[in-house]
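Here the chain labels run A, B and C in written order, and each chain numbers its own residues starting at 1.
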Amino acid sequence: MRLAAIGSGGAAPGQRSPRVAARFAAFLPDHKARIGLVFIAPALAFLIVFVAYPVIDVVRLSFHLVDFATDQEKFVGLANFAHVLRDAKLGTVAWNTLVWTVFSLAGQFALGLTAALCINQRLPGMTLIRTVLLLPYVVPVIALALFWRWMLDGSFGIVSAALQAAGTIAPDQSPLAIPEGAMASVILANIWRGFPFVMISYWAALQAIPHEFYEAASVDGAGAWQEFRYVTLPHLVAITKVMLVLRLIWTVTFFDIIWLITRGGPGGATEHWPIWIYQETMGFFRFGSGAALAVLLAGTLMLLSAVYLLATRRSAAR
Amino acid sequence: MMNPHTRRAARTLAWASLAGIAALSTPRAASAVELTFWTNLTTASQANVIQKQINECAPQQQGLTVKFETVPFGAMYTRLITALRGGEAPNIMNTIEGAVAFMQAKNGLEPVTDLVDRLGAKDFTASYLHAVSKDGQVWGLPDWALHQEVWYRKDLFAKAGLKLPRSWDELLQAAKALTVAGADGKPAQFGFAVPMGRALVAPQTYFQIFYSAGGTIFDPKTGEYMFGEQKPLAEKALAYMIDLYKAASPPASIEWSWSEYRTAFVKGQVAMTNEWGAVVQMAAEQNPDLLSQFDVFPFPGPSAEKKPAASLGGGYYYLIGKSTPEKVAASKTLLQCLYNPKRVAERANSRPIFAIPATNSAFESEVFQSNDTVKRFKPQLEVIFKEVMPTWYRYGMEAGLNPLAGQIEATSFIGDAIQNAALGKIKVDAAIDQMDEQLRFQVEMLTR
Amino acid sequence: MKRASRTTTLLPYAVTLVLVVFVGFPLLWMVLSSLKPSAELFVNPPRILPHAITFEWYANLIGSSDAISLFKNSLVVGVATTGICLTLGTFAAYGVTRFDFPGKHAFLGAALISYVFPAIVLFISVYMIVNSLGLIDTRLGLILCHCILTFPFALWMLKSFFEGVPREIDEAAWVDGASFAQTFMLVILPLSLPGLFSVAVFVFVLSWNEFLFASVMITSGDLKTIPLGIAEFITSFDIRWGEIMAIGTLATVPVVIMFLCVQRYFVAGVTSGAIKG
């Protein structure tokens, strides 16, 4: 009965042969693990060949010095790591990365959740609004960075003009030419760009909350806020957990947008860890150092994710 | 009766045999050579000229096909690295001097000295050959000659009663005189744009000033690292640059790139700017009325008694990648065809004033001289060709090819020092120390 | 029954209005700029509405860079990447959430590892692999690279969406005699359409935007994707604003149309009452 109401196609239950059902009953305890492996087999193969190899190669490279002219590699142990950890700009870059990440995430999640709650309402016009709110994510980053940069131009940019008129910056000045202004600008661009992803994920999760819960709550006399706190929020915990980890990793490693807007300037004020990696790899062609920086970054992110997931797993009631 | 599978197998076999017989019975033609040809000139009007010329020249060699590709500059180094790793460097490249140095250091180039001699070494402007020479060989054919000089507004100069500046001091005074406030007290016009974009632009502005005073990173004759011994000069140049910035440049210029400072000049926001000649085409598109007021003078040296020692320049070159003798020979023949004066002039005319032919024959050719923009800016071109082009360097390449140039461009350690000094975060001498330290470190790594 | 108060109806609209302005203003600016002639693009102080409109940037684009082929290539690569990622990902996510087997957590963790390495250090190794498969300068090679970039995320997101589908539904299907494959394809998948949709969006957009791998994998002019096309308007000495604004606008339009089409199907699937017992 239930099966018939769900989906389309497939044999009706009554037509199933009792032999098949018995076979599955016998399968379950012994072969369930094997079946799980079958399901993940294609993905596993893909991961091993295409993902594991490059990653192992990078780790390997971090322990070598690559000669610029001949591309020959020489094992140098931890020398690359020592070199980058002693670099004068380590502190600045780490701090920039932290500021960039924390504010970007805060903005994206706040905006994303708010937007999701709004578009989840079954009100007229929301479909169109939902599409409009998705647009920042769809615009190519390179075009976005360029026109953001242009809107912030000191002489012809509309945003700078507004700031100048308000007296916050000098005439003909651009926020991009001021260290703090540059950081604020790239963060704003990143929030603008990234919140639709959070919005859409929350929206999908909100849609999956069965209506019975809300009906039950309203029968019990719950108000809007209580509904949100006791019905909505708990259902969002799982997706928030995953999204937080993913967005954290994605934001910390996001290179394009800062590079295209400020190149890490002025004076290194917006240079974050990926830009440092880029300079070592594609600027100085010191692949070993670049790999070492990448390994350090990766290690930190993995540690953070592991700690976070372990800590929150205990509270997950499954 | 044959089933479908057997029928299909038989059919395949039949086709295969036919193909085999056909291949065997065709007389071996002159072995077909395919060359890969990359250019960084992705703008259609420029790339099309090159493509057209390839189509004219390739038929001269029987069986020659040329795979032509435009490679955006942002992708150039990644493409070169992967190509070299994969063992398939391109056969002909049209790119700027930084990439020449990169490829040569990685042993990926064929020298073109013989080709230069065949075409006539004296025909080339010597400074462009010098920049891509190393170990007694020339590694690139100069194509587009690039140059930096001061572009200024004749009308504004006339209005303020100014003469052409002959020294740093005179330039600063003129810039100040041309920085005027409007009726509302806000700046209506700035005297001199001092762009300091972190990657590329800051070094280009700074070294223009440093070179004019006779400074260099390497000794042009001996190749010895010299920057460290010239610190007083380097500091003087940086201090001057910052003075100019504070007195006469829009505050936002600290992070300006080419697009911004050119726009500033073309829109009349600044009266003078150190530039490559691209403002002409830009103004033709965006503000044609202003074009007749454009004029040039070479960036002056510190004192009026001596002419500026040199300027910062650059060039687009044609390189030949290491390959089979067959392909190298085919590449040389193709390039020789591309290098008749008419074609050199045609290529330069695809971006007039910004690109000037690096050969005398092309510069004086009918094709070049009859271009409308060239005709209009003839006096300016004469100044550039005669006074600016003969003495220029690229940072790091004063003594010939050196991958340091590419590293200065692709990283920002010079730009950072300059920006921080301009922001007041560090003192000028500390900035120069930083630059020196990093330069030394890089030089050491490269010569190891 | 709940009283529909004024606030509950108006508040979402008020908030979305702010959001739409926040989102829409830069986009509107981009579209307006793509229609402004050169003389109007750079005006100090900036003017909002143009006095004259021009379509020359669009004309330049369509004429010179063969914009149609750029879009076609980006579309093919994007759709294929999305398809492969969703297929591999849904199977794997189902296996991970419904079954227990040794190495499950290691598998999940390992999937995420590549993600903590920025593409700029991975690209050389990836290039060598794709090269040895002979797939350089093919769409398939680029699709493979994009899958490498997107699959770990797809897996994790799908896992969390599948976790949200109660196991009772699976068990009901098993009791009714469905096989694991049938349960997966006919029962669970339709219920996770919202999740599938959001993952599809993410994967597609990432592929649509990707520049680094496209720049090393694609060499032929007729296989170039949109980001490569845009990059061509930025030479080492110049930025062609008009064309960039135009291509930015054009690159957004087809994706929007696609979303509108897919959304209708997707919303219908969710609201068809599938979840109700």
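For this structure, a couple of remarks:
Here is the rule we go by: contacts are C-beta pairs under 8 Å (C-beta built on N, C-alpha and C of every residue); 3 or more make two chains touch, one makes a residue touch a chain.
Owing to the predicted nature of the structure, the values given are computational and were not obtained by experimental measurement.
Relative to subunit C, the chain whose mean Cα position lies farthest away is B.
Remark: among chain pairs B-C and A-B, A-B carries the greater number of C-beta contacts.
One inter-chain figure worth recording: subunit A and subunit C are separated by 13 Å, centre to centre, where each centre is the mean of the chain's CA atoms. Between subunit B and subunit C the centroid-to-centroid distance comes to 37 Å (mean Cα coordinates, whole Å). Here the spacing of subunit A and subunit B, counted between their Cα centres, is 39 Å.
Looking at subunit B, residues 78, 85, 263, 267, 269 sit in touch with two or more other chains. For subunit C, the set of residues touching two or more other chains reads 41-42, 44, 124, 211, 231, 234, 239, 241.
For subunit A, residues touching at least two other chains, in rising order: 155-156, 282.
Here subunit B touches subunit A in the complex through residues 77-78, 84-85, 105-107, 186-187, 190, 196-199, 250-255, 260, 263-264, 267, 269, 403, 407, 410-412, 415-416, 419-420, 423, 425, 442, 445-446, 448, going by the rule given at the top. Put simply, subunit C touches subunit A in their complex at residues 1-2, 8-9, 12-13, 15-16, 19-20, 22-24, 26-27, 29-30, 33, 41-46, 48, 87-89, 91-92, 94-96, 98-102, 104, 107, 109-122, 124-126, 129, 144, 147-148, 151-153, 155-157, 159-161, 163-165, 169, 172-174, 176-180, 182, 184, 186-187, 190-191, 194-195, 197-198, 201-202, 205, 208-209, 211, 226-227, 230-231, 234, 239, 241, 244-245, 247-248, 251-252, 255-256, 259-260, 263, 267, 270, 273-277.
Of all residues in subunit A, those touching subunit B in their complex are 67-71, 153-156, 160, 170-174, 176-177, 179, 182, 262-268, 271, 279, 282-286. By the touch criterion stated above, subunit A contacts subunit C in their complex at residues 2-3, 5-10, 13, 16, 20-21, 24, 32-40, 42-44, 46-47, 49-55, 57-58, 61, 111, 114-115, 117-119, 121, 123, 126-127, 129-144, 146-148, 150-151, 155-158, 161, 192, 197, 200-201, 203-205, 207-208, 210-211, 218, 224, 235, 238-239, 241-243, 245-246, 249-250, 253, 255-256, 274, 277-278, 281-282, 287, 290-291, 294, 297-298, 301-302, 305-306, 318.
Interface residues of subunit C, counted against subunit B in their complex, comprise 38-39, 41-42, 44, 64-65, 123-124, 127-128, 131, 136, 211-212, 215-216, 219-221, 228, 231-241.
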